[in-house]
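Letters A, B and C name the chains as they come in the text, with residue numbers starting at 1 for each one.
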C-alpha cells in the first residue's frame, strides 16, 4: 500500500488544485474569522466556529480527487496493475483524509500563529491540547464520509449533487433546534462544539463517535468499491 | 512445452439484459500474438476487462498463468501490462510524470526505465508538454508505453492502432513484433480492423455476439482465405439448389451481396460451370479466388465494420 | 530537567525511526529474495518490484531487473533458434525426401527383366541404397524432432493388446520375407495404458524392425502386466557372443558388428530409448540364452500424462 500512497502523494503534489484549494480555504476561513471573533472567547475557538461551513471546499476536493479519477479511468490503472482493491481504496482514503486535514487545519495553524501575532493574542497550548484529538478524529470522520460518497456516486455530476445535498443537510442540521444534540453526533459539528465551549463529555466520547463513523463509512466504501464492475 | 498464459472456461457476463459474453472458452499460449477480432460491441472489450480485473464474470472460470481465484488472479495481474479503450492519462501532467506515477504505484525500481520505455514508443522528446495538449496518436503511444513499463510477460492491447496515422500504425506493428521476438512476450490485440492484424498476429480469434466463432492460426487463415470458387449468379436460390442437388455439396457460403463462395470442386471448376448451365442458371462470374481478411470475417459474421 | 526530557524524546524518536527503517529494509530484502527465487525456479519472468525504502536497495533491484531483461532476451533468442532449426530440419528433410521418392518410384517401375543380368544387379543395388537413404532421412528427421523440446505428448487411453496385434500383423510381410515366425504371447484380456499413441507405436515398431533385421530365428513378442506395470518384450535369437554390450545398443550410431549393419542407421534404438523415457517408462536390453531381450516397462503411476 505504501507504493500506492507514494503515487497518490506524487499526484497531489503535482496537481494544480491542491495548493489552490488550500489557498481558497485560507482566504475563506480568514474572512469568517472576522465574524467569529466577537462570538467567541479566544482566538482558537474563533478559528473553529465556522469550520463546518468550510466543508464546501471538501466537497470540491472530493470531486476533484475521486470522481475525476473515475471519469478519466486513471483509477483503474491501479487495479489492472495487480493491486488489491482494498489496498487501492485504503491508499486513496488515507491520502484523502490526510490532504483533507491539511486543507482544513492549515488555515487554523496559520491563523493561530500569524493571527495571534497580529491581534497580540496568544493562546495557551494547554487550552488546545485536549481538543486536538477530537478535532483530528472529527476531520478524519468527515473525510471518510467523503470517501464513502465517492464510491457510491462515481461520476462527477452525481457526486457533486450528492456532496452538495449532504453538505446542505449538515448545515441545516447544525443550525436547527436540535443542534445541541446533533452537533455531538455529527463529527463535523465537533469543531463547532469546541468553539462554542459546549464540550461537556470527555474527549473520548467524541473521538469514539468519530471512530464509529470512520468504521461504518469505511466498510460501506469497501463493499461498494470491491464489488463494483468498473467501466 | 508451451505454457498456458490465460485460460477461460465458460465465461459468461451479462450487463442488465444483454449477454455480453456467452460461455467463452479460450486458451492462450505463451509466446504467441493473438488477434482478437470482432465487430464493435462483439464483446472484445468486455472480455479484456475481465482479464484485467476491472469486472467480474457471472459464470465461468478464469485463470492466469495457471492460477485462479480472485486473490491469486490479482497477484498474477502484476505480470500483465494492459491498455483498455482509450488511454487513461492525467491531463495536467507531462508524459514523464504520468509514467512516474505508474512506476511508483507498481514499485518499479530505477527511474531510467521511464525514458527507455518512452523511447520505445517514440515519445522521448515531449519534454514539458502536458498530456492534454497531446495529439490522439501521442496519447495512444503513451498508453502503450504505460502498459510496457515493467516489460510484462503478457501484453493486452485494446485496439491499440486506433487513431494512429499510417506511419504510426507501422511503428506500433513493428514494436509489437519486436517485443514478441525479443522477449517472447505473449500479446493479445483486439481490433475490428482486420487488415492490420493480418500481418502481425500468429493466431486469430473471431468473436461475435459474445461468442467465440473460430480460432485459427495464421497458416490456417491463409489456407481458408486462399481458395474458393467465387460464383456470381442472377438467381441465387436456383444456384443453391443446383449446388445441393446436382453438385452434392453444402460447403459454400453466401455473401450479403449474393456472391457465392464455394469451397468444393476447387480443382474441377468446369463441372460447376456445366452444372449451372444445364440448370439454366445464368452465371455472371466464376473464378477461383482468395479472400481478404475483411471478406473472410464478413462471411463469418455478416456485416463488418469499417473505419 | 526539561532539557533532559526534550533530549530523551529526541533520542527516542531517532531510535524508533532507525528501528523502523531497519525493519522495512529487512522486509524488502526478504521480498526481493522471494521474487528472485520465483525467477530462478522459472515460475515467473516478472521484474522485481519493491517498496521504496532505501535508495541503494532501489539501485540493486534496478540492476537485477536489467539482468532479468537480458536473460529474457537470451531465452527468447534460444527458443527462436530452436524453432528456426526445427523448421530447417523439416524443410531439409522434405527437400531430401521428395527427390528420393521420385528416384525410388522410377526404380520400382524399371523393368529389370528387360535388362542384362549385370545391369539388373546394379539396379537392385541402387534401389537398395536409395531405400536406405530414405530410411536415413526419416530417422534423422525423427531423431532431431526428439531433441527439440517442442514435440508435445498427447495422452490417450490405448488398448495395447490391440496395438501389439496390429504391430505383428503389419510386420508379418517383412518377417515372412526373411522366413521368420513370430512367437506371440499376449494376455487374454485387453490391457489398457494411458500414454502417447504415436510414441508407443514408434517404440515398438523400432524394436520390431531391429529384431527382424538381426534375428537368426523366430522373434518373440510378449505383452504382460504385473501390478501396475505394463511390460513389452521383443526378443530374437542372436549368434553366440555377437552382442557383448547390450546396453550400448541404445547409443546413437552404434551398430555393433560393423560388417552386419545392412540398412541400419544406428539411430532406431536410440529413438526407442529417448521416446520411452519421454513417456515415463524404461527400456532394457539383455543377452540371455543366446537371445537378445528388449524390454520396455511402463509403470502406470510413472507414465507421463499431459
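The rule we apply is simple: a residue touches a chain if its C-beta (ideal position, glycine included) is under 8 Å from a C-beta of that chain, and two chains touch if they have at least 3 such contacts.
All values derive from a computational prediction rather than experimental measurement.
Based on the touch definition given at the start, go ahead and assign the chain network to line, ring, star, complete or other.
Shape of the chain contacts: complete, all pairs touching.
Please indicate the chain closest to the centre of the assembly, with centres calculated from CA atoms only.
B
Distance between chain A and chain C based on Cα centroids, please, to the nearest Å.
Whole-Å distance between the two chain centres: 68.
Go ahead and note the Å separation of the Cα centroids belonging to chain B and chain C.
That pair's centroid distance is 36 Å.
Between chain A and chain B, what is the separation of their C-alpha centroids in Å?
47
Tell me, which residues of chain B touch at least two other chains?
78-79, 104, 106-107
In chain A, which residues are in touch with two or more of the other chains?
3, 6
Give the residues of chain C that touch two or more other chains, as numbers and ranges in rising order.
In chain C, 49, 51-52 touch at least two other chains.
Going by the contact rule set out above, which residues of chain C touch chain B in the complex?
Per the stated touch rule, the residues are 44-52, 57-63, 65-66, 69, 72-73, 75-77, 79-80, 149-150, 152.
What part of chain B is in contact with chain C in the complex they form?
Per the stated touch rule, the residues are 1-2, 31, 65, 78-79, 104, 106-110, 112-113, 150-153, 181-184.
Please output the residues of chain A touching chain B within their complex, sorted ascending.
Residues 3-4, 6-7, 10-11, 14-16, 72-74, 76-85, 227, 229-231.
Touching residues of chain B toward chain A in the complex: what are they?
49, 52-56, 71, 74-80, 82, 84-85, 88-93, 97, 100-102, 104-107, 146
Show me the residue ranges of chain C that touch chain A in the complex, using the header's touch definition.
Contacts found on chain C: 49, 51-52.
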